[in-house]
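Okay, so subunit A shows up in both of these, paired with subunit B first and subunit C after.
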Partner chain A sequence: MNGSAWFTQLLPEWILLIGGCLVLFLGATRSARSSNQLPFISLVVVLAALVVSVLRPVEGLATTAAPGLLLTELTNYVRFVALGVGLLLALVNWHQPISSERGEYLAMMLFSLLGVLLTASANDLLVLFFAIELVSVPTYVLIGLSRDDSRAPESTVKYFFLGAMAAAVLAYGLSFLYGVAGTTTMYVVRDGTLQSTLALGAGMDGLALIGLLLVFGGLCFKIAAVPFHFYAPDVYEGAASPVTGLLGFVPKIAGFVALLKIFGAMDWALPTSFLWIVWLVAAASMTFGNVQALLQQNAKRVLAYSSIAHSGYMLIALLVGPLAGAGPMRDGVLALLFYIGIYGAMNLGVFALLASYQRDAKSIELIDEFKGLAAKAPIAALALAACLFSLMGFPPTAGLLGKLYIFSSAFSLDQSHAFHGPLVALAIIGLLNSAIAAAYYLRLVAAAYMQSNDPDSAPVPKEGMGARLGLVCCAVAMIGLFVSPMSLVRRAKPVDVVLTGNEVSTVLTAAPEDSSAVVLAKPLDSESASSR
Partner chain B sequence: MSIETLKACGIIILLAPLLGAILAGALGRAALRGATHFVVIGGVGTAAVFAFVLFGEVLGAHGEGVSETIPIYNWLTAGGGKWFEVEFLIDPLTAVMLVTVTFISTLVVIYSRDYMRHGDHPESGYERFFAYLGLFVFSMCALVLGGNFLLLYLGWEAVGLCSYLLIGFYYPKPEAAAAAKKAFLVNRVGDFGFGLGIFLIYITFGTLNYGAVFDAIEQGLADGTLETGRLTAIALLLLCGACGKSAQLPLHVWLPDAMEGPSPVSALIHAATMVTAGIYMVARCGAIFTASTTAMTVVAIIGAATAFFAATVALTQTDMKRILAYSTISQLGYMFLGLGVFAAGSAVFHLFTHAFFKALLFLGAGSVMHAMGGIIDVRQFGGLRKLLPWTFLTFMIGALALAGFPFTSGFFSKDEIIHHAFSAHWLFGAVGLVTAVMTAFYTFRMVFLAFFGEERVPEGVHAHESGPWMLFPLIVLSVGALGVGYLGFPGHNFHHFLEPVFEKTFLAHGAHAGHAVQDAVHGGSEVAKHAASFWSKYGLLFISGALSILAIMAAWGVYGRQPWIADMVRASAPKAYNLLHNKYYVDEFYDRTIVRPLRTLGRICVGLDNYLVDGLIFVITWIPRGLGYALSLLQRGPVQGYGLTMALGLVLIIWFVLAG
Partner chain C sequence: MESWILTIVVFSPLVGAVLLMLMPNGGGLRRLAFGWSLVTLALAIYAVSSFLQAGPDENTYVLTAHVPWITGGDSSLGLVDIGYRVGVDAIGMWLIVLTAFLTPLAIWASFTAIREREREYYILLLFLQVGMLGVFCALDLLLFYVFFEFTLVPLFFLIGIWGGPEKRYAAFKFFIFTLAGSVLTFAGVVYLAYYAWSSGATTGGALTLSIEELTKLGQQGVFPYGVQWWIFLAFMAGFAVKVPLFPVHTWLPLAHTEAPTAGSVILAGVLLKLGTYGFCRLSIPILPEAAVGFAPFVAVLAIIGIIYAALAAWMQEDVKKLVAYSSVSHLGFCMLGLFSMKIAGVSGAVMYMINHGLSTGALFLVIGCIYERYHTRSIKKIGGLARQMPWMAFFLVFFTLSSIGLPGLNGFVGEFLVLLGTAISNTAGIEGDVGPLGYIYVIPAATGIILGAVYMLWMCRCVLFGPLNEPANTPDTSRGLTKDLTMREIGFLAPIALVCIFLGAYPKPLLESLEPAIARNILQLPEDRIAAILELDNEAEVVLIAEATDAVPPSEVRIVPAAALVPTDDFLTTPIDKINIASPETAKGGVADER
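Here is the complex of A and B:
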């Protein structure tokens, strides 16, 4: 580690930080507030960070750039996805908010993205905690600033109080882990491999288990999983649509990346009882999310419940982890990373539509307000349909592949694994849920296409092209990733090698055979082992 | 030849029409409007230019062409480390198909610019039309370029979709909507078999890549691990698809109705390109078909039967486009016959020449239709040769080529197929020859009725010659209809170019089967043999040429001079006439045996669905709704409640783990 590594290795993060500060200060001047300067600067900042992270990826196994940070392939992937969706977010938020706090608003968005990037690189439990909170705190502000009516403060307060509670739970859990492991460092590079310092393995005692459960609970709030999901519908409804699009992606990717890191640090060698908890949370999130979405009339509440359900799908992939082997149809880590990326875009697409049309000078929210859209704005309606089809998992969209990767990874776990049966059952629950989910997504499509042919009854486009451009980009990305899924999969592929890779097999062969706390992870089957 | 060049050409050929279609679709209505044709002409034209570049690359390879599989990228994983790839297969067959498709498409798109407007006003849906055309060219090129069966299937279905959209272009018209539906459904029947065939290929060989499959067949046949029965099954299933797409018996019924689409569509999709996909597929899968004598015999019989059957129907039709449609079915039958008698080179050659003269005839018919205000029934007009001099001239050239008049392109290509048919079985040859006579007769019946005799136009129609946008493609195509035959005769350049493709399949098996195919293709390689075999080789040319001229003269005699003969024939054999005029009642037969029973079954199902299934569904959907309602009681708004539930949940989780 030398002095300049501080700067060069973390250049994308620095760009976001400096850019965020710049936007914040410029926002104080009157002239910048009124023009398109600030959104433009934010877009350029995100784009610059993205370009830098693509042109100068982290090379090799891992790079220690600064104390508490470890840059790996995971960093590369998360930078790519978060900044890629970040570009879309910058577009969708172009005209948001109309009030005078534009500088603060856009700066908070950039800081939140910075938090996601740091989560991916955190190598210390404390840094991880701070990174996660760096994601969350700006979102409280964003909701508050997003609109003028009384619902925004209500949302902010709800989200803030519950978020504070979740943060406390998370911090408490992390303190248990520290107490048991005696260190807050997650990985060290030793003998040319990345090795976990937290892996408690089969020797996991009650304290460590409580710690893990608390951490899992705290992160479940970030990803909006049952039973920590209650805030989602109310908060989504209260915030303006562009912010909701952000809320559906930024905390979720941070939460899942943190979960991946924690699971990785445990080498996926987790007690069965803990796995059952994750199983229950996944099943409940999918089911509760989908059935409650069926009853909603408000598109934002529908999407909030759908967001809960999607966390359930992704938890399946988290459970499988790298245990089923390598490659897109087997690797749970890859499935999860792929899904979180496309979920960010397809979910944002729908919110972008909500953000770009209005009725009676108010943004559309109710499903009925979609009517006539196809007649009035065929391109927007088509893009909306593409995003919704992707959320449903229908061809020809990336959503189909995302679901395929997740479910098939659950099915390809070796039969001798203790958790094989439950995972297959979970995947079947997931498939049934996808069918239920189609009902409410199709309601949105039907409202846009079938309720009226009269352009005069359609919602009116708002001023500014930003959100509509974002919508079209989201739809194009969904179709494009169906045509060429490898362009994203290729970036996610090396991640599991870093997180688990060799060390899964080395640690696990060392794990004791006697296992009352059943060790899920076994040496991988010969096919996937040889492919590494 | 560099692979990089081929790859770049292939990608441009695919993407340029797609880009044109997207621009036309996205900006057509909003911005481009009446100028939409420019983007599609640009896209398709670019594709044509690069198709010629690609053709040149393949031609210049070693003087005789090559076969390259060019991977583009991994598309979908099939599990177990296997991939479905997006890849091109570029060989002389691909090159010929690409040039044909893109060149004809360019001309048709240019023609459509004037055809799709009245005076200076574009028809409604003008943008939609061009977007579909661009999409079609993209799909067709994907079908031809694809290097595995998955891409073939995707392209196959995509051209089917475009065909459906374009037949139903005038969808407010009930006939057009019905015709589109019919085309789609009939093709589903064929494609069902086609899909099964591809599944069977994957099960048998574990891959869909052309090269890998064909190599595996060669290997399996050599060491006896592969049963011919399996190959026969695959071939027959694939043939189902080909019969649907290329309108062969018994799935030909959709093509005549497809003439409800605008004339340029009939010319491009339903004559020159899409319907030849079946021929392309069989030629491409020669390794599968030629390994099975049964399959080859079936191909030849279907081809011969269709050629004969469709020609007889064409004798009695009065709608110009329908006559041409049946003639297309008949000519496609010739191509299948050619494939079935191991003369794939000749079949592709006929495909190539047919594309020119049939597109020309359809565009000519379109020009007549445009001038006659949408009327196309030859009973309602006549003597148009002075009114539409250019249309007449070019149509005449197309008709001569179709009739196989000596030294036009159709003459050479059709004769080759008949020649090979004779060497397979005299019956095939005889059917081919009789059909050729009928072809010449019905073609000139149409010409004499429409362009000769007393000048008649439908009431209220102001007949006028078409503008330059329509005449230019007609003239270019008529040059092609006259000239492209000389690419294959007398030098056999065309066949030498394609030879590497068919060397191991059609040519080798043809030689084994004892056909004189090799000889004919190599065209007199031995001087000594030359004189002796002169009559066996060229005798047929003279015979069929003479027959063609005689048939044209007969048509002139009947329809030009003595119309009473036709009436007399019709009156003396009303049953036969009605049988032909009603197309052997095939549609009625299908209606009675398939459509109506299915409809009855459908009604029963609807009844069951409405009462039984819906009742069940109502009960089932009540479960998630009820659950949702019950859960929504938890979701009431106060933040304290949420916090409490969260904390309780956490306590429950920890209790569960520690207790369990």
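Here is the complex of A and C:
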């Protein structure tokens, strides 16, 4: 490996890292803290990383750059989506917090995004673990820094302890997977195609199942799925709205990408008993999340429960995976990747609204506090409605197409497959759930439009345009992706080749390879094996 | 221009909505909305002329356009072919005209009633129009679903913001009820797409949602009965709520009572037709066997709805609720006609959709005029208004008569054809095999007609005649209204009345244009039969319906124009296999072969 590949292939990651450090150091100076310099730099950093990743995509099926990393088409897609939503996050967090820790705050946001990018490129179980922790640890700090309110530290502590436990569970599960496979490497490149190395061997089902379960449990915490969801409403309520918008997206995409990578590395040869567990988690997340959300008065708690429900929808797509065939409408991986991208934006839009209006010098939170919004700020109300209808899965927004991809992939599993029936049932549970969900999203819409038409009773806009601009961008993105979904799907399409190009018969351990194959994973493979 | 005219019509209200957003506050808003809806009407009429030139009798759909929307790259990934596909046949075209015709009137009717948040109000009405126009020309299932669902959003706001005292409850109930049904329809759509694709029979092996192609597959028997059964049920969940069929009709009276006048007009006039249109455009052609199988079940629900809603209407105190229940009853007839699976019945049902849109829409407009003056709709609080408001009385009686199907007015034609179609449904004829319904369904349905006359005339008597009964401090003329109807109000009622008279007196052009569309696109008759049917229309006024006997299987039965037969005394007593059976070709020449 030559030295420059280290840098050029990982340029977006480097930009984020260096930019984050820069923001951190500048934050220590008084002049930078008081002006808009820091948010502007963060925005430019994310934009630069996005531009670089779009202009210089990873070429070919799989390219390796550094030990423990494997850059694939998946990296391209995750970079695009995470940095795209990252731009919106930078906008929404523009004025947050108004305190001396602004530099630290924005740097943590950039580091968390860096973690997402690394999750997508990780090729070693350990690197994957570290990447996920790189996503999580900054979020603990972000919640604590987000506002001067007694609830913020409480949320931090809750999130931190539960997060630490989830990390332990995840690490324990990964150790089982290592034990079964004998290697921590997930994929090797052989003859120009990806081959997975964690596929289950005969007689190891029991151990592998325990490992899988633990990994899944640990990641369920990140994606806020039942039964590891209890923290979500409290943490969402305690953190400031812009951070909550971040919490709904960054850990979720990292968790789902990690699950995709691990399942892919096992060739999707998952035991049926495990599939049933995922099935139950999906059904419970959707149902429990939606029903609980109906009962809430606080908009942030509503969105927390809705976030749980949305994890349920995405788990349907994960369950289908690549098993139903390739291409949009069939491929679960593609449906999941599309949905996570649009979910990040539409969810963030609602939090952006919460972040940009206040009553009595406090950000609005209760549903009733939305009243009069349509009279006071028609554009913000319209954008809010677009985001909410998208969460609902309603035309003319991308949410509908996201649901279409997910549910059609669930229907598309071959009829001879044992899981065809359960998946159809799950899809119908999901569809009925989206009708339940409409009830509480509509309450938010109705509060903004129907409760009062008196601009004087309306919430007062906060200083600064950042969050409102973010809100409008989210809404425009939702409508734009409805009209032209292929602009995002096209980017996700090569991804399924990466995850499904494997042959199911791949062996589990690192077999001897021909030296002609251009592999960087191979030496790593032996390294990691020998180092243990 | 030809292929884009429909797109222009559908999205023209959107342009109007954008203009409204940019317009300064003031009275110009409503005039712009009204003017723009007239532009849309003009465009729709232009579309009709292009439609007639494009040869609707020979083609399945005309004025078609296609833009890829969701595609699936190269074949190695599996093709996906979902697109923006539009096109119309006669059914869609006339419903588009109905929509474009009713919307300006509804907007005009709102001039005095709506005085707050005018801009949003008219923008939402125009949005609603986009959704409705889109449904009637969508030729892709996903596009259909998108427009179908989208109509919920503006109406939710229209009811929830400008509605009556229980507006929020009504808006929520309307939205959730309809959505709960249509998510199942969505499941049906997705499953249908999957099944068609997995059967491998689609063009190029692509996953397609083209209605034309799915119809073709449905006719080729690609979908086994079990699959059709489930998909039919899923479709029905969404469409039945929209129609609404008993027992999922409960949202409708509430939504109608709470909605502002224009909302009620559009809801009754067009939105309910989205349900029947869905049955007619999707369920029957794509799932023919399941449709036949379900027909008795649907018909029984329709009949229960007809009678139950008629009785319920009779008991109402609120005039608007009474008319709302009458809608449930009338739409039952529509469903009955559709599932007779005969040209007569289906064209009757389509006529019924149009007529119901006109008469019930107009009734809601008249009631709106009363409500604006008296601020009540309770039969107990108003009475004897004929002396106060002779013009209003004229229109109320006129539209009541049109609604109960007085011969000579529009309602009669549809009603008659529906009952005829239902009655002859289990008779084999030129249209082929026996249909699923029969005489037995006509008897209770006809009772519904009598009940319809009873409650509507009862309502007229209470409101118009008898001793004068007005609440205190009414009529309210503070908004520039006069005691009787103003010129503006006459202006929006008179056009509907004229159309009602025209359609009642001379429905032939409408029926004739519907016939080939129904035969080809809905009932999917083979081309030679369609040719024969069209031939019959041209050559003879009398249609003889022959019955199948043991000797002659239904598929063998041909119908001949009466002129082609040599009438003899024993004609009626001759067994069917002995009388002249003519193929269309020979019938054309007027010569009948002995068989």
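The definition used in the following text is that the second predicted complex is superposed on the first by the 498 of 532 C-alpha atoms of A that agree within 3 Å, B and C clash if a C-alpha of one lies under 4 Å from a C-alpha of the other, contacts with A are read in each partner's own complex, and residues count from 1 in each chain.
The criterion applied here is as follows: contacts are C-beta pairs under 8 Å (C-beta built on N, C-alpha and C of every residue); 3 or more make two chains touch, one makes a residue touch a chain.
These numbers come from a predicted model, not from an experiment.
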Task = Tell me which partner A:S408 touches in the superposition: subunit B (first), subunit C (second), both or neither.
result = both
Task = Using the touch definition from the top, say if A:V157 reaches subunit B (first), subunit C (second), both or neither.
result = first
Query = Once the shared chain is lined up, is A:L213 touching subunit B (first), subunit C (second), both, or neither of them?
reply = first
Task = Figure out whether A:V250 sits in contact with subunit B (first) or subunit C (second), or with both, or with neither.
result = neither
Ask   = When the two structures are overlaid on chain A, which partner does A:L134 contact: first (subunit B), second (subunit C), both, or neither?
value = neither
Message = According to the stated criteria, A:I277 is in contact with first (subunit B), second (subunit C), both, or neither; which is it?
response = first
Inquiry  = I'd like to know which partner A:M329 touches here: subunit B for first, subunit C for second, both or neither.
reply    = both
First, second, both or neither for A:M109, with subunit B first and subunit C second = neither
Inquiry  = Touch test for A:F228: subunit B only (first), subunit C only (second), both, or neither?
reply    = first
On subunit A, the residue positions that both subunit B and subunit C contact, one per complex = 327-330, 378, 401, 408, 412, 439, 485-486
Request  = Over in the complex, which subunit C residues touch subunit A? Could you list them?
outcome  = 69-73, 76-80, 82, 116-117, 120, 142, 145-147, 149-150, 152-153, 156-157, 160-161, 167-168, 171-172, 175-176, 179-180, 183-184, 186-187, 190-191, 193-194, 198, 207
Task = Sort out for me which residues of subunit A touch subunit B in the complex.
result = 157-158, 161-162, 165-166, 169, 206, 209-210, 213-214, 217, 221, 226-228, 230-231, 233-234, 271, 273-274, 276-277, 287-288, 290-295, 327-330, 378-379, 401, 408, 412, 436, 439, 483-486, 527, 531
Task = Flag every residue of subunit B that touches subunit A in the complex, lowest number first.
result = 26, 29, 73-77, 79-81, 621, 624-625, 627-629, 631-632, 634-635, 637, 639, 641-643, 645-650, 653-654, 656-658, 660
Inquiry  = Under the definition above, what is the set of subunit A residues touching subunit C in their complex?
reply    = 325-330, 374-375, 378, 389, 394-396, 400-401, 403-404, 407-408, 411-412, 414-415, 424, 427-428, 431-432, 434-435, 438-439, 442, 446, 449-450, 453, 485-486, 489-490, 493, 496
